[in-house]
Structure formats: C-alpha cells, structure tokens
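Order of writing sets the chain letters: A, B, C, D, E and F. Residues in each chain are counted from 1.
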Amino acid sequence: MITYALYFAFTAVGLSLLLAMWRLLIGPDVGDRVLALDTLAINAVALIVLYGIYAQTQTYFEAALLIAMLGFVSTVAYARFVLRRDVIE
Amino acid sequence: MSHWIIAPVILPAMMAAFIVLVVRFHPLLQRVFSLAGTLAILAVAAGLYWQTSDGTILLYQLGDWAAPFGIVLVADRLSALFVLLTAVLAVPVLLYAMGSGWDMRGRHFHALFQFQLMGILGAFLTGDAFNLFVFFEVLLIASYGLMIHSGGARRFRVGVQYVVYNLLGSTLFLFALGTIYAETGTLNMADLAQRVAALPVDDTAGVRVAAVMLLMVFAVKAAILPLHFWLPAAYAAAPAPVAALFAVMTKVGAYAIIRFFTLIFPPDLAITQGLFDSWLLPAALVTLTLGMLGILGARRLDALVAFAVVGSMGMLMTSISVFTPAGIAAALYYAVHSTLATAALFLLVGVVEDRRAGNALGYDPAPPLPGAALVAGFFFAAAIAMAGLPPLSGFVGKLLILDATMADPRMAWVWAVVLSTSLIAVIGFSRAGSAIFWKAHAPDTAAVATMAEDAPPTPALPMVAIGGLIAMLALVTVFAGPLQRNFAATAAQLFAPGPYISVVLDTPGRTITHDADSEEEAH
Amino acid sequence: MSAAAEIFVSALIVIGAVFTLVGSWGLVKLDAPMSRLHAPTKAGTLGVGSVLMASMCYAFIWRDGSAHELLITAFLFVTAPVSAMLIAKVAIFRRTNVQELPPPPTDTTWATHDTGERAIKSSSASENRGGNTATPG
Amino acid sequence: MSLFLIVALPFLGALLPGLMIRAGRNACGGTTFFVTLTAFAGLMTHVPAVMAGEVLTARLDWVPALGLNANFFLDGLGLFFASLILGIGLLIIAYARFYLSREDDMGEFYTYLLLFQGAMVGIVLCDNILMLLVFWELTSLSSFLLIGYWKHLPEGRQGARMALIVTGMGGLAMIGGMLILGDIAGSYDLSVILEHRDRIQASPYYLPALLLILLGAFTKSAQFPFHFWLPHAMAAPTPVSAYLHSATMVKAGLFLMARLWPVLSGTEAWFIIVTGIGLVTMVIGAVVALFKNDLKALLAFSTVSHLGLITMLLGTGTAFGAMAAVFHILNHACFKAALFMTAGIIDHEAGTRDITRLGGLRRLMPVTFVIAALASLSMAGIPLLNGFLSKEMMLEEAAHTVLFNSALLVPVLATVGALFSAAYSFRYIAHVFFGSQQDNANGQPHDPGFGMWAPPAVLVVLVVAIGVAPFLAEPLVRTVTAAVLGDAAAMPDAHLKIWHGLTPALTMSAIAVTGGMLLLIAFAPLARAWAVAGPPAAKAIFDAIIGAIIALSRTITERLHDGAMTRYAAIFSVTVVAVAGHAWITGNAPAPAREMLPVEPLPLAGWLLLVVATLVLVWQHRNRFLALVLMGVVGLMISVGFAYLSAPDLALTQLSVEVVTVILLLLALNFLPRETPMESAGGRRLRDGIIAAAVGLGAGALVYTILLGDFAAQTISAYHLENAYKGGGGTNVVNVILVDFRGYDTFGEIIVLGIAALVIYATTEALLSGPVRARLLNRPLENVAGDAHPMMMVVVTRLMMPLVLMVGVYIFLRGHNEPGGGFIAGLVVAIAVVMQYMASGYAWASGRQRVPYHGIIGTGVLVAGLTGIGAWFFGAPFLTSAFGYFRIPPFEKFELATAMGFDLGVFLCVVGAVMLSLDSFAQMARRSGIAASEYDIDIDPSRDHALDTDKAEG
Amino acid sequence: MELLVASSVGVLTAAGIYLVLRLRTFPVIVGTALLSYAVNVFLFASGRLAVNQPPVLRDGVTAYTDPLPQALVLTAIVISFGMTAVVVIVALGAYLSSQDDHIDDGPGRDDVGEEAQP
Amino acid sequence: MPRKLIWRLFPHPLLTLLLTLVWCLLVNGFSSGTVAFGLILGTVIPILTAAYWPRRPVIRKPLRVLEYILIVLWDIIVANVQVAIIVVFKRNADMASNWVAIPLELRTPEAIAILAGTITLTPGTVSADLSDEGHALLVHALDAPDPDAVRDAIKSRYERRLKEIFE
C-alpha cells in the first residue's frame, strides 16, 4: 500500500516540479521566477524524503536538510538582488 | 623513510600559509621568508637531482598507501631535472621581484609565488594522473593571481581570457581523466602503463580518445598551435618577474607530454598507433614558425618575448614529437636553455619598462636608458641565446635538435623550418634591440638634467638577477657535454620504463593492522 | 497494527503529495503575482511537512525510529514566511504603486517604497567601517 | 703557445679594454695592442714547425655526443690567415687609437674588436666544423656590434642589421651544410673530413651540402647577389672597415672555400657555381665601384670585386688557381687595408669622404698621398707592386678557363673586371689628390700624426717589398697553397716573379690598364649616364624584402592573435572535437557489455527539468538574472540526480557549492550590466551552435559508450572499499578516499581554494587602489527598494545562524562515516555567516566578527599540512593517518582520527576562502558619503520606543 | 537511465560551449559553470551508474557504488568553485577598469578606462 | 558576580536547550552522550553568536507559548485545506484578493516577526511588508471580501496572545 502511495506521490511531486518549472520559465516577473525556484527546492525536499522512504535509508536526510536550508538562502539572495542589487550590503 | 621528495611541495605550501597567516603585514619579513623558502627548495632540488643522477628512482607513498591505491610521488631523472630547473629559475626571479619592487605593487605576491612553486613542483613529482590535474590547478590558479598582480585594465582584460582559456583546458583534462579511469579503472601512472598495455585490441577507441585529449591538455600548457592562443597576450601583460616564472610553466606541459607518451602511451604501443604521428610534428613546426614570425611582427618588446616563448615551445615540441631518445634528450637540453633564456628576456623587459621613458616597450625613439650598456649587453646575450646563435646554449640546443631529427623522414622540413625561423628571429631581435637600445633621442640636456634628478636610483638587484640567469646560460653552454650525457641517460631511462613501473607498483605500502581490532566490529 | 499503520503512513504520503501538487498548481494557475505567492508558501510547506511526518512515522513503525525529519519541518516553517515576505517585497517593489496599497494606519509609507533618505542612510556601508581585513600593511 | 691560448687570448683580453679605459685612452689601446701582440707572438713561435710541414693540433671535448668539440689545428692555411688577422689587427688597433675621437667609447670599441679578432682566429684554427660555425656566427655578431658602433647614426644601425641578416642567413644555411657534410664524412673534424673527398663527392647529399656551405661562404664574402651588405657596412668607423671589411672577415668565406677545397672542389657543380659567381661579382663590383663618390663605398665595391676575383680563382679547381688565390688574398689584404686607412685619414682630416668634394690633397697631405697612391696603383695592377703579380696570375688562370663551353667568356670578363679595377684605382688618386683643391670641408687638411699614418705605411712597405721581390713571399705562398691543396692536387710548378714573358695575361693586363685610363678620361659623361641608367640600389630591394617579411609577419601575428577570445575558444573546441573524433574513428569501439538501468518516470521528469532549464538558459542567457535563476535549477537538478544515483556526498557538495557560486555571481552582477546585448549575427550564432552541438554530441557519445562498457580490469576502488574501514577508520568510503587514500589531492584542492580567496582579495585591493576606486565610490545610486535589513529576516537569522552552525558541526563530525565532511561543513558554516550578512548587512555583521579571514585560510592550510607532517614523527610518510576509539563517560565510544585534523584544515580553508571572497565584494560595494547602519534592523519599533523613552526621561 | 545521463552531459556541454563562445564575460562565466557541471557528471559516470547503492559501508551489504569517481568529482567541484570565483573577480576587474565587459580584446579596446577616466 | 557569569556562559538558555534538542534530532538519538555533547555545543555556539543577537527579548509567559503553537498548528492544517480548495476550485476571476493594513501594538522585533510568520503560515494571508516606522504590517489576503474582518481576526487571535507573551 505504501508503495502505491509512494508511486502516487512521486507522480504528484514530479508533476509539481514540472509545474514550478513552467512558472519559472514563463515568469513573467523576476519575483515569479524566484518564487518558482523556491517552490522547486521545496518540492525537491519532498522528493528526496519520499525517496528515502522508498529506499528505506537515512542516507539522504542531510541532502533534504541542506536543500531546505540552501533553498532558503538562495531565495533570499535572489530576492535581495532584485530589491537591493547588493546581496550583502 | 626519506621525506625529501615531498619537501618541494610541502615547503612552499607551508611557507605560503605562514606568510599569509603571520607576516602579511611585514614586507621585509615576507621577503626574508620567501627567499629563505626558495633557497631551501633549491637545496632540496639539488639534492634530489644528485640522488637520482645515478638512475635511482625515488618513491614516496603518501599516507603510506601502496600504489596504485594511494597517491605516490616519484622522482626519477626527468622529474628531478625539472624540479631543479624550477628551483634554479625561482631564485633569480624572486630576487628580481624584490629588487624591482614588483612584489610590493600588489597583495600577496610572495604567498602566490610560493603556491605557484608548489603547484609546478608538485606537477613534476607526482606519479598519479589525477593528482597531476590537481597540481595543474594549483599552479594555474596561483598563476592567475600572479598574472593580474597589481592590476591595471590591460592585465584584467587579458587575464579574463587567460583564465577562461585555461578553464577550458582544465575541463578537457577532467574529461580525459574520466575516460582514462572508465577504460582502465586506475589513476596511477605506472599502473596505467601496465593496464593500457594490457587492454584488448578490440576496445581501443576510448583509450585513444583519452590519449589525445591528454595530449591536447598538455599542448594547451605547452602552447602548441592551435591551442597556444592564451599565451602571447597573457605573458606580455604579466608583470616581468611573473612572466619570467611562467617560463617554466609551459615546460610543465612539455614534461607531461614526455612523461605520458613515454610511460603510458609509448611510441611503439599498438593500440595508440597513428594517433598523432601525422600532425604533432607539423603542429610543432607551425608553432615554431608562428612564434618566430611573432618575434618579427611584434610591436612591443613584451610581445616579442612572449612570442619567443611560443617559438621556443615549438622548437621543443619539434624535438619531442619524434619520440626518440635522442629527440627527448635534445628537448631536455633545449627546455633548460629556453627556460633560462626567456626568463632573462622577460626580466629585461621589466627593466626596460621601468627605466625607459615614453612608450617604454614600443620601438619609437625615446631618451636613452640609464645604464643602457649593461642592459643592452644582457639583452644581446639573451637574444643570441634565444635566437640560437653561437656561442650560447641556444646554438647547442639547435644543433642537438637538428642532429636528433636527422634520421627522421621529415628531416628536410624540420631543418628548413628550424633554420629559416632562426633567421627570422635574428631579424626580429636585431630590429627590436637596435630600436630600444640604440635608436635613442639625441639626449636633450634639460631632459637629461631633470631625469638625473628625478630618476630613482636604479636598483642593482634586478641586474644581479638577470646577470645570474645569463651566467647560468653560459654555464649550460660550457657544460653542454656533461648535461647532454645526463639528458641522454634521462631519455634512456624514459624509454626503458620497467624500473619505474616496478619501483612504483612493487613497493609494499602499509599493512592494515586494524583488521585485528577485536574490540570493534564494523557495525 | 500493521495495516492501520500502513494506511496512516500512506495517507500522510498522499496528503503531502496532494498539497505539494496543489501548491505548484496554484503557482501556475493563479494569475495575480501576489496571489501566486499564497499557494506554494503554504500548501507546499504543509505538503512537505506531511511527507516528513510520513517518513518519521515510517521510521518509528518499521525501523529503529527517527525524529530528525522534524528538523526539516521546523526549518521550512521558520524560513517560509521570510521567503514569502521577500518575494512579496519584490512584487511590491517592481509592480505595485504606493496608491494601490492601503495607507499604513500610523506611519508614512510602506518600507519597500521607503526609498528616501532614511532608507539609504541606514542601509549602506560607510567609508571607515569596512571589514576587519580592510587595510593590511 | 698553445692553440687554445692563441684563440682564447683575444676573448679573455676583451674583458680588459672596458676596465682599462678608466686609466686612459693610451692604456686602453696599449692593453688591446699588447693582448693581440701576445697572441701574434705566440702564433709566430709555431712558424718554423708549420713551414716545415708540421700540423699542430689541440683537442678538447665539449659536446662529444654531438661531435661538437673545441678541436684546433694549425697548418699553413691557418697560420697564414691567423697571421693576417693578428698582424693587421695590430696595425688597426694602433690606428684606431688615434682615429677614435674623445666622444667615442674606446673601451667598448676595443672590446668588440677583440671579440671579433678571437672569433676570426677561431675560424681559421678550428679543426671542428661545428665549432667553426660557432666562431663563424660570432664574427657576424661582433661585426654587428662594430658596424652599429656609432649608435646615433641610422646608417650604422641599418648597416649593422643588414650585415647581420645577410651573413646570419648564410651562417644558418651553413649549419645545415656542415651537419650534412659531417654526417657524410662520419665526423665533424676537418682533419677527418678532408680525407674523405671521394665519399663526400659521391654522396647524394653532396649537392645540398655544397649549396648550403657556399651560401654561407658567399654571404660572408659578399658575393653576388649577397654583396650589397658590404658597402652599407661602411657606416662603421674606418678601422672596422679596414679590418673586417677588407682584410679579415670578408675573407672568411674565401678561407672556408680554400679550407674545404680538397673535398668540395673539382666537381662540375663547384666549378660552375663558384667560378660563375666569382666572375660576376668581380665585374659588377668593379663597375659599381668606379661610379661611387663615397671613398669608402668605392673601396667597398672594389673589395667586392676582388673577393669575386679570388672566388673565381678558387672555383677553377686547379692548383695554380688556388695558388693565385692565396697570393691575392695576401696582396689584397695589404693594399686594401692601407687604402681604407688612408680613406679614414682623409675623412678625419678633410671632414668628408665625398670624392666630388675632395681634390688636390697631394700638396696638403703628401705622406698620405704617397701611401694611397702606392696602394692604389697596386690595386690597379701596376708592375713592381704586389697587386700586379697576383692579378697577372689571375689573368693567366682566366685565360685557360673554359666556362659554358666558351674559351672567351672567362678571359674577357676577367679583363673587363681588371679594366674597371684599374679605372677606379686611378680615380681614387686623380680625383682626390690631383685636380683643383675643392672646398675640402675642414678648410686646411694636413697629414695626420705618425700614429695614424704609420700603420698604412707599414702595409705599403709590404706592398712594395712583395711587388719588387716576390720571391720573399714565395715560401709562404707555397706552404699555404700546399695546405689548401691537401692531398687533392699536386703543388703547381709555378713561381712568383715579375716577368713571365709576353704571355696572354700580360696582354690582358695591358688592355686593362690602358682601358682604365681611358675610362677615367671619359669619366664625367659616363658618370652622368650611370646616374640615369645605373642599376637600382640593392638597399632598396633589400629593405623592400625585409619590409615585406615584417609586414607579413605582422599581419599573420596580429590577425591570428587579435585578442578574439571567442575565436580562440572556437578553435579550441573544433580542434578537440576533430582530434578526439579522429582518435575514436581510428580505434575499435567494443559492443555494449552492461545492462542499462531502467528509466523511471521520476528521473525522467528531473532530466526534463534539467534539459529544459539548460536550453532556456542558453536561449534566454541575455537576461543575466534569469540565467542565474536557471543555473540554480540546473544545479539543484544535478544535486538531486547525484542523490538518486547513490552519491549523497556529491549531492551535498554540489548543492552548497552551487548556492555559494550563485551568490558570488549575484554579487558580481551588482556591478555588471544586467543584460547581455544582442551582438553576434545569425550566422555567427549558427556557427557557434554547430560547434557547441558537435562538442556536446562528442561528450555525450563518449560517456554513453563508457556507461555501456565495463571496466577492462578491476578498478582500484575495490581496494578502497575493502580497506576504508580497516585501514582508514571510516565507513564513508568517499570521505576516506578524500582525507586518507587521496588526501594529497585534497591538500592541493584546499590550497586551490585558499589561493582563490587570496587572488580575489588581492584583485580587490588592486582595483580599489587604482582609478576604479573613485568610480566605484561615486557610482550613481540606483532605484532600490527600501528596508535593506528587514526585521523578519533579521529575527529569523538570529535563530537560524546558531542552528546552521550546529548543522555545520554535525556534518563535519560525521563526514568520516556518513555523507558530509570538512568541505561541506565549511560551506554550511560560511553560508550561516552569509545569511547573517544578507540579513543585517556586511558592515554590521562583520563588525562583530573578530577573526581575520586571512588567518583562517592560513591556519587551515597549516593545520592540514601539519597534520600530514605529524606522521613524520612516527616515521611514516606525509598524511599517513591514524585513528583510535575512545570512551570517556558520559559519551559513547567515539572515534578520533588524524584525518579529522586534516579535515579541520579543509574546513577552515573553505570558511576563510568564502568569507574573504565575500568580504572583498563588500569592500567594492562601498559608496562614498553613505554611512553604515548602526543597527542590524532598519525598522525596529522597539528601538524607537526606547529612544522615545530616553528622550522623555532626559 | 544511461541515456538520460549521457544526454544531460551532452546538453550541458553544448550549452556551456555555446555560452563560452559569447562575446561578453558574464555568459562566458555561466558557460564555464555549465561546463563544470557537465564534466563533473561525466567524471562521476566514469564509475558507471548505480541506484540505491551508496558508498557507505554497511553490514551485510556487498554491492557498493564506485566511491573513487565520487571522490574525484568532489575534488573537481571544489576546484571549479575556486576557479569560478577567480574568473568572476577577474572579469569584474576587467569590467570595472575599462567599463567594457567584452571578452574579446581587440584594437580600440586598449586600456580605455584607465586613461579615459582620471 | 556569578549571575553575570552564568549570563555570559548561557546567553540564551532557551537557545541552548533548543540547540541541544536540534543536536539530538540531527544525530537521531537521545543517549546521554548525545545530550551531553549537544549541551556542549548548545553552550558554545550561542556564545560565539551572541554578538549577533543583541537586545534579547524576555518571554514573560512561557506556558502561553505552547498554547500559541498549538493554535497556529491547528490553523495551519484547517486553513490549508481551505486554500487548497480555493486554489483548485475557484476561478481566478472570482477571487477577491485584497491588501490589509494591520496596525501593530507589538513593539518587540521577535514578536512582530512571529506574528508576521504566523500570518504567512496560516492560509489565505501573506505578510508582505512593514510600515516605515514599524507600526503597521501589510498583509495580502488571497480571498478576503472583507479586509477589516481579516485584520480584526489577526489582531485578536494572534497579536493579543503574542503581546501577552512578550510585552
């Protein structure tokens, strides 16, 4: 049962990735793109965690943690760039 | 366990770190430590050269792991020669940098200088293909810093190109290494030699691609046409002592070609037949021609010397690309000679740039140089050496190369190109030299008077450094006989790689003792 | 036990997946820039949260247990509002006039549009207060 | 005296003039004279032995493998030339002492002169043709310095370059010829080569060798068509002209032809080339000489003519011809050097060398007149002077020479040459010393002091002595001729005497002298005709050729190296594809051996994302910000891909590196234009697209075949998997490889990172200490959003930073056994600090940061290095690791490994490098007139509230 | 799967090369970054692909993925990072000192900024 | 003064506890050794980062924190469903997006940040900006025909509680 749930989830998350990518590509504004990238990262976290359940391993925990962390940092960086041009002024 | 073999790598690394950490605010101390470190490297290099001069092959197993599982350093005649050459070059270059004040025109010169030495020496000593990549990168990134040392629009513009081009080269290197590993499952050079030789004949495409990709990577370093484009502008724009140090950087490429294509892909290896016989020698000859044409076509002295480097690399590769013991021996002699000669020329360019008024390195008339006689004399000597005229080492090197290519079916081409390009170089150098040193303004007295007042006292150390290089050229000339014997022995060692391979692969490494660690199971 | 647990974990997985999908769907579907911000910052967060809970429960039920998924969840919950706020500021900065916004009840204007003297003065580095490595020897 | 010493003396002596000039001009000249005298005396000690037919040798190995050795031998020919060189050298040195003015650097002059002298002596005494080449080229170089001695004269500089280029070209050709010759003979020693006449002349390589060697000889001896450099060399001070360009250097080519005469002469090729060229040179030189108005130019062309004469004699290949050649070399050296010196005297005294401005000097300068007249008449071939004797021999030889099946060609041309020779000789006397007294520039010229006229006088004494009593010279000439002939020909039965009877030669001689006089009478109209119809100046042709070569070089060089990096990169790409493609096609590709992994939908989606992001990135790359966002997607997808393909360490690293990279690029983009303009045309984009596609296809195909094939042998990583835990103490094999098996790579890698940071720092400093600084400080303010440091961000960062640091520590500590390690930890910690910077601003955050980043980097390298060095104290190699398990309550058993020390170095390096880079960007971003925020939050009502409270209370 | 990886390498390489051939420094830098992604994947693939076999030793597990290429890629990633950082700063220096971010250097592009702006 | 010393050593006692917990979560274990090591790190790291957290707020009613967290969690779950429904089923044209300006009584940055975060996490609303003096919060509501109702809900449900906790 869990396997089927996982397959469903993989499909849904895969679809989410593609949707987010679509938004990233069509924009229209930079804000939309940054938001889309942020969403991509969060979806990637979901994906990796799902894969961890699927593969029955803890090996990918750090990857998920890091994506969550770094996704945030890069979103901030991109947004700061648009807002202030200087990321670390 | 002798640790001397790793000293040329560790010493500059630690010295650079120390300089950055402790004495980065003290110019004098930086100089003292940098020079002391370089002299120590020279001593160690001389020791290594002496140790290997009887054919001994020194092995150093890093982390005590046996090859091919760990990385090893190997010092044979070839490595030791280039290590010594680098160290010999480094001392006068460093003295020049200090004497001319170049080292203080920007930040971190000495740290970068030491790191650069570390990269070059590490590349010469490593016995591992991937580690060679790492040290290529060390020497490259240090060279980026040194090339743009003290800044300036020109240097930055050229610097970008230099960096990007070499990034492409590094990328290609990784592609090549990936292919090598995928085909053979190893990275150690001696092990590669064995495994490549044992590859089945029906599976050669991959290793052939890897071999030529490696050749091209090294050709970029060695500035062989058409992969040389990064060099002329970069060397011309680099600060004088940096360009002089770079004289040995191109030799890293030549060294790697010699090493890989005598050890791993020797000329008689069946599966790599026909890879580059048809085009490597012509490419070298075209490189030689183009370099020499550049000497004649240059509008500035720094560009002239940069093209002289290209030309000398063409000459060197001409000799290497016949892949015979005589050719390699001649190439080694020429490598030593051309390194010292181009370095001397680059330092002279620096002196001219510092002392000559106006468009200092252009050929337009300018007021006479202060102290012109000595500078001109040194330039004359270095130019003679570079153009391959007697009595200096360039002539001997040229004769050796002509002699080595005599048996080659393409001998007529080689000779025609070598001899006619020498003439072009003579024309180029004589034009430049007479324009810079002879064709002065009639010194107008007022200007001379102001110059005499304004001109800072011309420091002696740069001239000592250049004089040292010229003196070394003279020594290389006088002792051409013994040197040639040594290089012939080096070539012979390269063409009989059995001892190298067995020293590297048959030396046992550490014994795993924790196997019996009864207290601990894996999990 | 096992069946219920399986259902529970599966449900969590499916819920998470659905919310993730809804978040991304909203990102594409919604047409106003500010509106788009809502979908992923919440649905997405909850979606990943559910998946993480599923992973945790799975580990507690079938393996030797694991709670570090909590960390990721907490992390996402703490950071998501900041991301959202910055992206909202981007939208305001690039797309929205001051007039379109309701005036702040007490103060002069909204911070993003506050590009006056105060904003500049208080935000940029000065000549003499550079970094700690400003001028070595 | 040892031959080595005779050759070495001038070179060693060359060190002295520069020093002695401080003691005065006499000391300088005297020293130089003494050095030469010593060498000359040393040479003379060997005269009896050589005259007795002995050959002295001296041998020293230099580069034996090459056959290049310092071997010398002294026979009659060598002795003859060496005596000429050193003997005339003595006279020239004496003459130059008085010739040079006070402004001239006499030390420099004598230094060059002695260098030249040594090189010449080397040539003539050398027994090794490679060594001979060394001396040969040395004469070119030293003559370059001597011709260009007056650096302020453009003619001097140009003449010097021309001489160097022409003779240098010949020298280079000769290198080839000599190598071939030595290869044929099996030795580069002359004494051996000279014994192999038959082998050499039978070799298929004889002709190339001959041509190349003759090219060297002809250029040096100014044979047509390479003769033109010699007149331009006359810009040199006159002693140089007298010494190099009449007596010695130009004779080097003749010497070489004479030296190799036994093995090279006697063939059809030799005869036609050498005789033909000699003859042409003789006639052309003589004709041109007549119409030159510059005294030295006249003499120079006359020299060309006489050199042609001697060449012609050597070309005939007969013993008599050789003898005549030897004799004329001697005679020409005497009268021509004397003539040059008189020309120098005239120039010196009258202030001009222009014949048209000179005249009537016979009364003003009687001594000079006598010397010049005697030398000139000798040159003209008047009896009782030495020139007559050898000219008679030449005409005699010419009369018997059949060239191109014509018995008349050589005698007629020889007579014409002699006729013009007589004419210009007479002109030298008539137009300079006779006739009306012209303006003569300096007013009242008079004879110079003894020091200046004595040297030519000595030579003229010889001219007369030999002319009157030729038998005096006969032993010498016979000895020398014997040396020239070697075993190739018998000594001719001829004697040097004034009267041979009414021979055809005498008739030809008479025609020549008479004709010469007639020509001089008709000189004025002839000169006008010459001015109109004369041949073009060779210099113009030469300059045009050199100019064309330079222009061509410049065009090629500058077209190729025009700084078009994009083309360089395109060439690089095409070359790689072509060469690798060739290697692939010519090799054998194996059939697929591995089964492919199945394609699941999820990786497919990831792949789609990656590919789409990449393609859109390329398509939209001109929008730089979008490009960076898409780069973020690519990086994210690759990380996820690594995770999927069982490489968690890679995923973590790629991810963190990618974020830091993007931040760096964003920081840079702050200063750069935000758009890339559309600049390249469609064709160009198409070209680039094709190149890119080819490279991409190549890379993809290569990796695809790799993935389908298997390793040919077991990979070394099997050992790593086997021993990572047992020998390296870690279960994360990747990490154990990084810090242990291949820790040395990692050591290099962190140094790369450290250097990167230093470079970034140094670059920033360089930028900020230059003109860029002002521009940066005063760059216009852009329209940016307010609230730089939003409260929410700051508050969240306050919480997040400790958490992230915690994660960093965690990743660091577990790296050895689980995915992680010092590098990723370093990036995570750096990112924590970056977060703080982004939240509260660089100024505020770095103000609370007390550790210098340089120090962190330096410490990192030192820690890593010292950890490695630590092994030395246990007798183990660098980076040998050790580990152990410890138990200290309340902690569980834990592992400590030296590799962790190393990893700590890595960690520090990474942190320091990233921070130093950011720091540098922050330095650049400063603006003038804008103060840093004192606070970490821009809008903080609690702060205002506190301030209000303070105000209310205060 | 192999085809996906191979085509990714191909696409990334082609994209990288195309951008490297552009006329401004910024796309060139982005291009080199893409190239380093490509080569990292390539290097990784030289150990062949494996799914769900991480190189971390576990009891009772015998099949591991090849750890060596991973270690090599890690080294390569770090080095490329350093290189990218340097090329960024050098390009920035070039732009700031001559107000021109063309990567091609030709006649008329000489030291514009330094002389023009005192 | 020992009290001062303790303050120095544990600048953020709560943070220390939190970090210790985080460490245990990271290591995925709660053994004594882990906790001890976590405590060490939890002590050291706040000392290192203390400079970056000036003017630490005082939590006056720690128990209300728990209540607040539970309320927010519940709100997140319930309202997420609502938003999901809106997103999936409501046409774009029918949505009544609105800006809402919320005057703030809170003055502590931490409290305001928590409020803003809560607003964002609870569905239908996103905190977008602060006023230039920090006395009002700009909130965007996805589907709120009546902005004032949203404002009042936020003030009463969240701000009131935060005010009690922090001020």
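Please note the rule applied: contacts are C-beta pairs under 8 Å (C-beta built on N, C-alpha and C of every residue); 3 or more make two chains touch, one makes a residue touch a chain.
Being a predicted model, the structure only gives us computed values, none of them experimental.
For the pair chain B and chain E, chains touching both partners: D. Distance from chain A peaks, on a Cα-centroid basis, for D.
Interface comparison, B-D against C-F: more C-beta pairs in contact at B-D.
Taking the CA centroid of chain F as reference, the farthest chain centroid is that of D.
Centroid to centroid, with C-alpha atoms defining each point, chain A and chain E lie 22 Å apart.
Separation between the centroids of chain B and chain C, computed from CA atoms only, is 54 Å. Averaged Cα coordinates give chain A a centre that lies 59 Å from the centre of chain D. Centre-to-centre spacing of chain D and chain E amounts to 37 Å, using the average Cα coordinate of each chain. Residue positions of chain D with contacts to 2 or more other chains are 563, 565, 569, 573, 628, 644, 648, 669, 699, 702-703, 706, 711, 715-717, 720, 725, 731, 741-742, 745, 749, 752, 755-756, 759, 761, 763, 766-767, 770, 784-788, 790, 792-793, 796, 799, 803, 807, 818-819, 841-842, 854, 922, 925, 939. For chain E, residues that reach two or more other chains under the stated contact definition are 20, 25, 28-29, 38, 40, 42, 45-48, 52, 54, 56-58, 68-69, 72, 75, 79-80, 82-83, 86, 90-91, 93, 97, 103, 105, 109, 113-114.
For chain C, residues touching at least two other chains, in rising order: 18, 25, 37, 45, 66, 68, 71, 75, 78-79, 81-82, 85-86, 89-93, 111-112, 114, 123-125, 136.
Chain A makes touch with chain D in their complex at residues 10-11, 13-15, 17-18, 21, 24-25, 27, 30, 33-34, 37, 40-41, 44, 47-48, 51, 59-60, 62-63, 65-67, 69-71, 73-74, 76-78, 80-89.
Of all the residues in chain E, the ones that touch chain D in their complex are 1-30, 33-34, 37-38, 40-42, 44-58, 64-75, 77-86, 88-93, 95-97, 101, 103-107, 109, 113-114, 117-118. Residues 55, 57, 59 of chain A touch chain E in their complex.
Chain D contributes residues 786-787, 790-792, 794-799, 801-803, 805-807, 809-810, 836, 840, 845, 848, 890-892, 894, 936-937, 939-942, 944-945 to its touches with chain F in the complex. Interface residues of chain C, counted against chain D in their complex, comprise 75, 78-79, 81-82, 85-86, 89-90, 92-93, 111-116, 119-127, 129-134, 136.
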